[in-house]
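These notes open a run of structures that come right after.
You will see two complexes here that share chain A, one where it goes with chain B and one where it goes with chain C.
Moving on to the complex of A and B:
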């Protein structure tokens, strides 16, 4: 009995750890957001600016929200893996196993056996992106509609891509720019830079355009209801009736479907670029050459 | 005179944003073609639905990029550029 109640208490603590950061973000936003009249399209709120030697660093709503999402994901994972047993008797263990299996399957089909170690990374980036986009359902600023956050992820992925391209040696890496003919090198460099830029723009543009269209439609519906129902007396004439319910249908597409699709796309592109940029043949050749050198050395030593 | 300059500036930003969104035509046609062909392929070989769908989605993502560049430029022109351009104008006038 004591054991069971302790289990439940830990469960409640973990769930609170997942929910509290998001609630804290909402409270922070309510306390600091300046009052606005009607509908406005603004960027992320700036909470405060840190003085750094180079230039002042503004801490915005997007950064705070993304950190809150990271903490929430950590506690959700802890909750799902709490009380793991060999024979699953909890529903959450079945769900967790299903998620892990799906991720491993996806990485295996998209990247192959060589990159199976990437499964946790891909799952993490997908969960982070999906939950960040879904934050708009809580009325918070989704961090993915801020260029800085998404650009950070894109640069991280770009670093990984370059790291795996370097596996075949720096000379081979430089040579890969002169493919198929050397005078196309500028083009190759541009396309290399375009990878993180396009990844960041794609994610950010989709989420931001969705939220802007939602706001514009809400504003238009307010005007329309003013026009159609404005003859009603008193407060009935001022109340935007058409704004009830209709934007929710659009939110179903722009907030939920689009956000989840962008998370999937970001993960897919990460996998494609990393496994596609990996020069498997050149790496195999390099390893074979090394092996041959080593064998020659040992043979020489044996002769001595 | 200043009013005229401001009007031209803001109007130019709005027209530029509208023109930038012409970039939406290309991805629309391209993705439509891709989905049509994917539907044909699934109709011919229903058992390959999963593979065809995932390949189509990846292709659509790549094709969408140019449209999104246009979109981002339009957003910047509407929400970010006017403020900066007005600042530049005021600085050149010396106010």
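Moving on to the complex of A and C:
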């Protein structure tokens, strides 16, 4: 019994660890958000600015919220893996196993056996992106509608793509730009750079445009309500009745569906670009060449 | 309070976000994938062990079955052999008993015959004696005179011998 109550206590602590950061963000937002009037589309709130070299670093809502998401994910993981048993009796274990298996399957079908180590990375992209976008459901600023956040992920993905392309050797890497014909090299370079830029802008633009459209529609509905129902006496005439219900349906699409879809697209593109850019044949050739060289060397030494 | 421009690029924010993604990757790897994978492997191991033991059990059962079938076959043969042996011994026994009985019966018969013959000869002798006595008395009465017994006996003996010879 004591053991069981301790188990439940740990569960509650872990869940609190997952929920409290988000609640703290909400409280912070409520306390600091300036009252808005009419249609206003702005970036994230700046809490304070750190004087860092090169460029001052403003600590914004997006920063705070993404840190909150990181902490929440950490505690969700801990909660899911709390009390794992060989024969699962907890629902959360089934969910955790489902997530792991699903991610591994996805990575296996999209990237192949060689990239199985990417499963947690893909899961990280999806989890971080989806949770960040879903923060808008809590009335928080979704970090994914800040370009810097998504750009950071895209740059990391670009680094990985380049890293795996480099595996075939620097000469092979440079050569790949001159294919299929050398004079296309500028186009190749542009498309290479366009990859992270397009990834970042796609994700960021989708989430941000969702928010903007929501705000615009809310404002439009308010105006329409005023126009149509303005003849009602007193406060009834001022109350925007048309704003009830319709934005919720739109939010279903813009906040939930679009957020999850963008997370999925970002993860899929990551898998495609990394495994698609990996020159498997050239790498195999290079390794074979190295092996031959090594053998020749050892043979020479043996002769001596 | 200030807000950021909608499109603003900040190097540090980009780096922080990059680090966040890496951090999440490490968190998921260490706190979700590793323990779950460990558990899955463990379960796989258990399942494999179960399958192996089940297979072992099935193989054992099959071996047992074959063994017992063989033994059963052997038992059948043995039973047949024993039955046959018992049959032959019983038959031999019976034959012997029958033979014994036959010989004993023959013995009894022979003895009976011998007894009968002895009786017969005894009876013959007694009858002879009787006849001798009777005829002697008859003769004495008929002749009414003293007859030499010895002579008489001789005479009758000769006579009876003649009869016996005719009888036989």
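What we mean here is this: the second predicted complex is superposed on the first by the 300 of 304 C-alpha atoms of A that agree within 3 Å, B and C clash if a C-alpha of one lies under 4 Å from a C-alpha of the other, contacts with A are read in each partner's own complex, and residues count from 1 in each chain.
Throughout what follows, a contact is a pair of C-beta atoms (placed from the backbone, for glycine too) under 8 Å apart; a residue touches a chain by one contact, two chains touch by 3 or more.
Only a predicted model underlies this, so the values are computations on that prediction, with no experimental measurement involved.
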Side-by-side fit of chain B and chain C on chain A, or clash: fit
Partner chain(s) touched by A:209 [first = chain B, second = chain C, both, neither]: first
Angle at chain A between chain B and chain C, C-alpha centres, nearest 10 degrees: 130
Partner chain(s) touched by A:247 [first = chain B, second = chain C, both, neither]: neither
Broader residue contact with chain A after superposition on the shared chain, chain B or chain C: C
Touched partner set for A:41, first chain B, second chain C, both or neither: both
Touched partner set for A:272, first chain B, second chain C, both or neither: first
Touching partner for A:121 - first (chain B), second (chain C), both, neither: second
Which of chain B and chain C A:78 touches, first, second, both or neither: second
Touched partner set for A:222, first chain B, second chain C, both or neither: neither
Lowest C-alpha to C-alpha distance for chain C against chain B (Å): 7
Residues of chain A at both interfaces, chain B in one complex, chain C in the other: 41, 43, 208
Complex contacts: residues of chain A adjacent to chain B: 41, 43, 198, 201-202, 204-206, 208-209, 212, 265, 268-269, 272
In the complex with chain A, residue positions of chain C that touch it: 1-25, 27-29, 31-33, 35-37, 39-40, 42-43, 46
Contacting residues of chain B [partner chain A, same complex]: 57-58, 61, 64-65, 68-69, 71-72, 75, 79
Chain A residues within the chain C interface of the complex: 32-34, 41-47, 52, 54-55, 57-58, 60, 62-63, 66-67, 70, 73-74, 77-78, 80-81, 84-87, 93, 96-97, 99-101, 103, 119-121, 123-125, 127-128, 143, 146-153, 155-156, 208
